[in-house]
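Pasting the structures in now, so scroll down.
What follows is chain A paired twice: with chain B in the first complex and chain C in the second.
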Partner chain A sequence: MDYQVILNGETYNVAIEEIDAHEEPIKAAAPMPQATAPAIGRSAEHIRQKPGKWNILHQDRVQRMQAAARLVQAGKIVDADNTVALIETIIKPGDKVNVEGNNQKQADFLSECLSLVDPSKIHDLHIVQSSIALKEHLDIFEKGIAKKLDFSFSGPQADRLARFIHEGKVELGSIHTYMELFGRYFIDLTPRVALVAAYQADKNGNLYTGFNTEDTPVIVEATRFKQGIVVAQVNEIVDELPRVDIPGDWVDFVVQSPRLFYVEPLFTRDPALISDAQVLRAMMAIKGIYAEYGIQRVNHGIGFDTAAIELLLPTYGEELGLKGKICTHFALNPHPTLIPAIESGWVSSIHCFGGELGMEEYIQNRPDIFFTGPDGTLRSNRAYGQMAGHYALDMFIGGTLQIDRFGNSSTATMDRISGFGGAPNMGTDAGGRRHASNAWLKCGDEYGMKAQLTGDMPRGKKLVVQLQETFREKMAPGIVDRLDAWDLAKKAGLPLPPVMIYGDDLTHLVTEEGIAYLHRCADIEERTAAIQAVAGYTDVGLEANESKTRELRQRGLVRTPEDLKIDTSRANRSMLAARSVRDLVRWSGGLYHPPARFKNW
Partner chain B sequence: MKAWEELISSSFYEATARQRAHGLVDAGTFNELGGPNKRLKSPHLPELGEAVSFDDGVVTGVGRIGARPVFVISQEGRFIGGAVGEVGGAKTTAIFQMALRLHDKIAKKYPEDASLRAPAIIYSFETGGVRLHEANAGLLAHAEQMELIQECRGKVPVISLIGSKVGCFGGMGFVSISTDVVVMSELGRIGLTGPEVIEQEMGKKEFDSSDRALIYRTTGGKHKTIMRDCSFLVDDTIGAFRDQVKTLLNMPYEQLKKYRSIGSLKLVQEQLSLVALAAVLQPKDSTDVWAHFGNDNPEGIPDMELEEFCRKAKLRHREVE
Partner chain C sequence: MALHEISFLIEPQEGYESIPVDWAHNGVVGSGDMELLMQKTDSAAVQVNIVTPVAGYDAIWEKVLRKFVAEARLGGVSIEINDNNSTPYVVATRLKQGLLEAKAGERE
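Coming up: the complex of A and B.
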């Protein structure tokens, strides 16, 4: 049979031996196919269908599976020692490959094996994965195994990634938010092969992903339902799983990793490190925003500012009589700092994007609060978490590195490409939202530019709040004239500066000087004046006009701690419901087991 | 400064050096000597382009507990990790000398009950040891303090209080253990070489400095109590430390001096026997040592609350009582 193959933009006619596509021949004893499987040297997706031929991807899959059959032991199990050989057999040059790199869970053994393949056999891969977290994730670009990258978040590899892009080792596709990249898995970035991670598998390939399910369902579904191949590394192979998170017929190979997969305890904040200034900002946020709007459904960004808010609910929040009125429903990772609020009866429900090390037993014992399976353990799912955070919340609140005079904010610095993760999906007003809530309606009602945009039509607005110190570590200003993101974009050749939250989405800015209610402003000049009013002694703040600031305070567009009637002398650590990780363990009744690095006992 | 009553109930671990100094003695009695208004600052740091502190990182002064004059030395970890430099060291030795002179005066005036009227020194450690920017002067300060501690013997009780963030490391680990009594909280740490330095020199396999639980098992208050380097383990409040000091000051000197870890041939021999034990036992973790001293469930010790620990933990038997 002749097929058209596109190589480097040119079309060739290539003959491929016909294969019976009706049988999925994974048998341990299956002989090596003659004709050395795919006669084509490029990924199957480059094959353009001839009319009437509709299962080329499937045939390509079958060929790859047949070639790998010799490596399979019982069921779908491949010995860890054969993993490199497996990867060399099932991946072809130019393939789109997903190496499961989540916010927390990492398919680290498979990633290492991918970095050990022969670059003369496997090269020019197009990596599509959400997080670039491990050294090996970038090593494959240095070795020429991979060439192009589409991703969301790079965290610890941010500086090396920036260098690789600059040196031309990485051809950058785009930097996405999680949900955006997941979306593209189902449109134009569908992985040909996915290397994923799970806690446990049985010999039929059923997977238990448990607490850290995270991205696995999305990756596996996108890959397998477009005739791709799925390999899972697991911590152990068992006869019976606690529950099935991924059905076995969506998984092609299972490798028992020689070591447990790496999980980063990303959301543990030690209360001992919360500063008095953070307590002040938290008090302001609770009184000036949560209470003012009656915020019940919320996502907290990662950081010490939001940890302070969580730890003030049972103390300051209680004192203001807010229990049951705010913070009842969360889209949130299992933050240990939320334990005191949960234990004090503040919280009705928490849906998690991922898990958190040490919170397993606590979550298991609070099934009314968390989403747990029939087996009693948490199942996270980042795609659903992002969806919930985007559409079903009334507020996002979090910190950032830099905010400019227009309210645009970014965590980018000159030499690091750290990407976005999920924050922009939380920190944005979902245009498709149609259901109303009091908080959403009030914020929309106050929107100073609404009349110019939608006339007299009522519409709500999500609150998007940034907590910012006027000066950060090493006296770096938190509010700047121009974001470093501009310089980064220029240096790395990005099409636009990486902005975490755009100014038109930002409704409130909280600094230790006060709260700017930006959405209440009538135009961009007024917004800038409100930002200047709370920017303290930064260059932006020094441009504030005293009489304008007074006017903004009178009109309630800016409110200082004094305007909010907050006694700043009380803003210190003694307000916190827990002041150490040990206190959190006590609050949990011994159900929270923090990782050793957080234990000072 | 918080009100004194509030200081008493606040965390010793989180308190500043000045808060500790004020809270440890009776309300309103602390007089700072060589305080920030005197601008006693390091001459070396500006040469290196480093910031100075007007108290050079140590609060010194005198107050009262009951009728007893109590001299206070309180190190501030927020300034260069509480490291000891020339000026701070001189302020500290001056406190020792003042206490000794006052003792001699009182002993002359009240020869019968000098021991219950004599001044005491409480030393609240929060330090990584020598300040490397001025290491020679810092080392000299260590040596002077060791000598002065010996001069104080039989005259001025010297009490170490350890429960602050930085802990008590480097040469100051030696100094703290040479005093008459060591009082710690669970959060206090004593050691010689700090965790990061051990890892840097000997590798992560020998000591993983990111494993805070390991650090506390090796240097923390509970371990030091089981090993009898620390005589009293108290709650993490300034008031709990203060109460322990009050109790100690009411003891006759003869009883107080029994808490010493060094200072006699017998005590030195006892310390050496511990070195020999380590060679035999080859412990992989502190839990091995705790088990050796008769603790059935050594893994459970870190999670015990103070009260349970004091009730249940088996301590090393002291040869010299």
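Coming up: the complex of A and C.
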């Protein structure tokens, strides 16, 4: 829709989208009044010279809604066959559009329909969404439907995304963390149209997002409360919802998808695949970090190392007398590998970012542990989960692909732009944190550079721990001289190498060689020496100075399994509370129903 | 896939000991794992023979083996390894386990 602006006595036709896009100069659409027309300014100030026009966005919304009215059946329901037509009606070229792509639930039908619109009608869209997970998420760039992208995580499309950026098919805005992108939804990346996914809707547009609520509330709120348009694909339209997760008056159109939306079982780790080296690192972490600091509030990354920790709590943790002292509260997706610890009474509370396939019935039967709705099913919420993960935890612990001699780590490799997801928000000290916990105070008290930064003022520090095998499969070193992220940044024209966790946030590095207590180090040279000391036979490790390593061990800046009095001959799979998915099902009393691909019985 | 062979000799430290049994075996050639065979020999030096699908890491193999032989004060033994992509941690662990089991074998 064009809007007429009177400026200096001249009449201009201005496209609404450009009014919304404050960062770009507003271009006058044809007809241009004259070649010497004054450039229109950067903000909406000029437009407001026409009095009483404070609801341009709303008027635009109304026009789009009216144009789409012909496609609506009862209430807010649009037939699946009319979805492409609906999208072509409500989206305008240049719009900021969110296609709900979480790291689990996908608005896959709406995404497919968006990829089928006529590029002569809909083009140059600016896509703002957290995950680029589906083929269609990038097809729209190949077809010219979309042009610019701001996102968080790309996972399975990481290599194709890197290629598209290199070939100029995708104009990359920025790679964000989840919280960062959600924040920008409310500042300068507000979607004009959001295409979201829910399990169920009623005819009034109320949505049930259930287990996989994930990003939906934050997307819908940002879009609808800035006069945008919200379309939801649902698996089912019902008369009565189990509960209302999104109120119907925030939703404009409901489409019953011809197929169930896709959900990725992203957090299921088969205990059968946990290695002895992972068991050793897990034992070291439990004794040298969890027990040492009394870590009660924690987030675990999704790798096998943390799965090993979860499965050692009822065995090794019990043996060390740690029950009730560590791992009582989690910000965590419903990891099936946590079932034995929950069943053994270790865990008081778990808040989830998303759901996990197969865990539905188990969660429903453990309402004291999980956040569940009045209907009894899980309510996840990625925005709140990330907020909790940033501010309310004692520790983040996870794995990475590469870590350098300064402790910077990245999952980027040369040909993949995989993005960040949530790890940087959890794997960083929250500068705004003010509440104290024992673990946080102890870590802050030990901080070797504290006196140089804040003098004698007491301040805590979040523990940020990376578990890293010195060599991964095919002898790829896990500790490197220089991150591949540098080359990726150069190749893709990124303004800086994509670093998952910066060295100054990292407090502990755990390898099979030992634990480096990096935050205890006095300066960067000492940090590098501590990293070298646990880097094994990598090029970085081979540079370790033996006498310096001995000194670091004496001062407790580095501790080997021997220093920790861990019997390495016990570090094998027999320590795990569950050694197969079937064991997890047994622990759950039959309440966990793993997806077929994890079942071999 | 062409297999890569690595052989080298490690001179033992003074006061070295061989294994208490004629031979000891540990591990299987599963993915990411390796098979170890240690045999008592007449010569003092430790003869190492490695068969691995991965080329280019001879120096690391030698460092891992030398560290093991030095720490265990081992001599009078040959070490044969059939590797299938083990990491240095797995190699060091299998060596330690093999030696422990050889010593335990004597007691039985």
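The rule is short, and it goes like this: the second predicted complex is superposed on the first by the 549 of 601 C-alpha atoms of A that agree within 3 Å, B and C clash if a C-alpha of one lies under 4 Å from a C-alpha of the other, contacts with A are read in each partner's own complex, and residues count from 1 in each chain.
Here is the rule we go by: a contact is a pair of C-beta atoms (placed from the backbone, for glycine too) under 8 Å apart; a residue touches a chain by one contact, two chains touch by 3 or more.
Computed from a prediction, not measured in an experiment: that's the story for all the values here.
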{"item": "Partner chain(s) touched by A:434 [first = chain B, second = chain C, both, neither]", "value": "neither"}
{"item": "Partner contacting more residues of chain A (chain B vs chain C)", "value": "C"}
{"item": "First (chain B), second (chain C), both or neither touched by A:276", "value": "second"}
{"item": "Chain B versus chain C as contact partner of A:565, first or second or both or neither", "value": "neither"}
{"item": "Chain B versus chain C as contact partner of A:475, first or second or both or neither", "value": "second"}
{"item": "Which of chain B and chain C A:598 touches, first, second, both or neither", "value": "first"}
{"item": "Touching partner for A:537 - first (chain B), second (chain C), both, neither", "value": "second"}
{"item": "Chain B to chain A touching residues, read off their complex", "value": "10-11, 14, 186-187, 210-216, 220, 222, 302-303"}
{"item": "Residues of chain C defined as touching chain A within the complex", "value": "32, 54, 57, 60, 63-64, 85, 87-90, 93, 96-97, 100"}
{"item": "Chain C-facing residues of chain A, complex", "value": "275-277, 280, 469-475, 512, 536-537, 542, 568-569"}
{"item": "Contacting residues of chain A [partner chain B, same complex]", "value": "272, 573-574, 579, 585, 590, 596-601"}
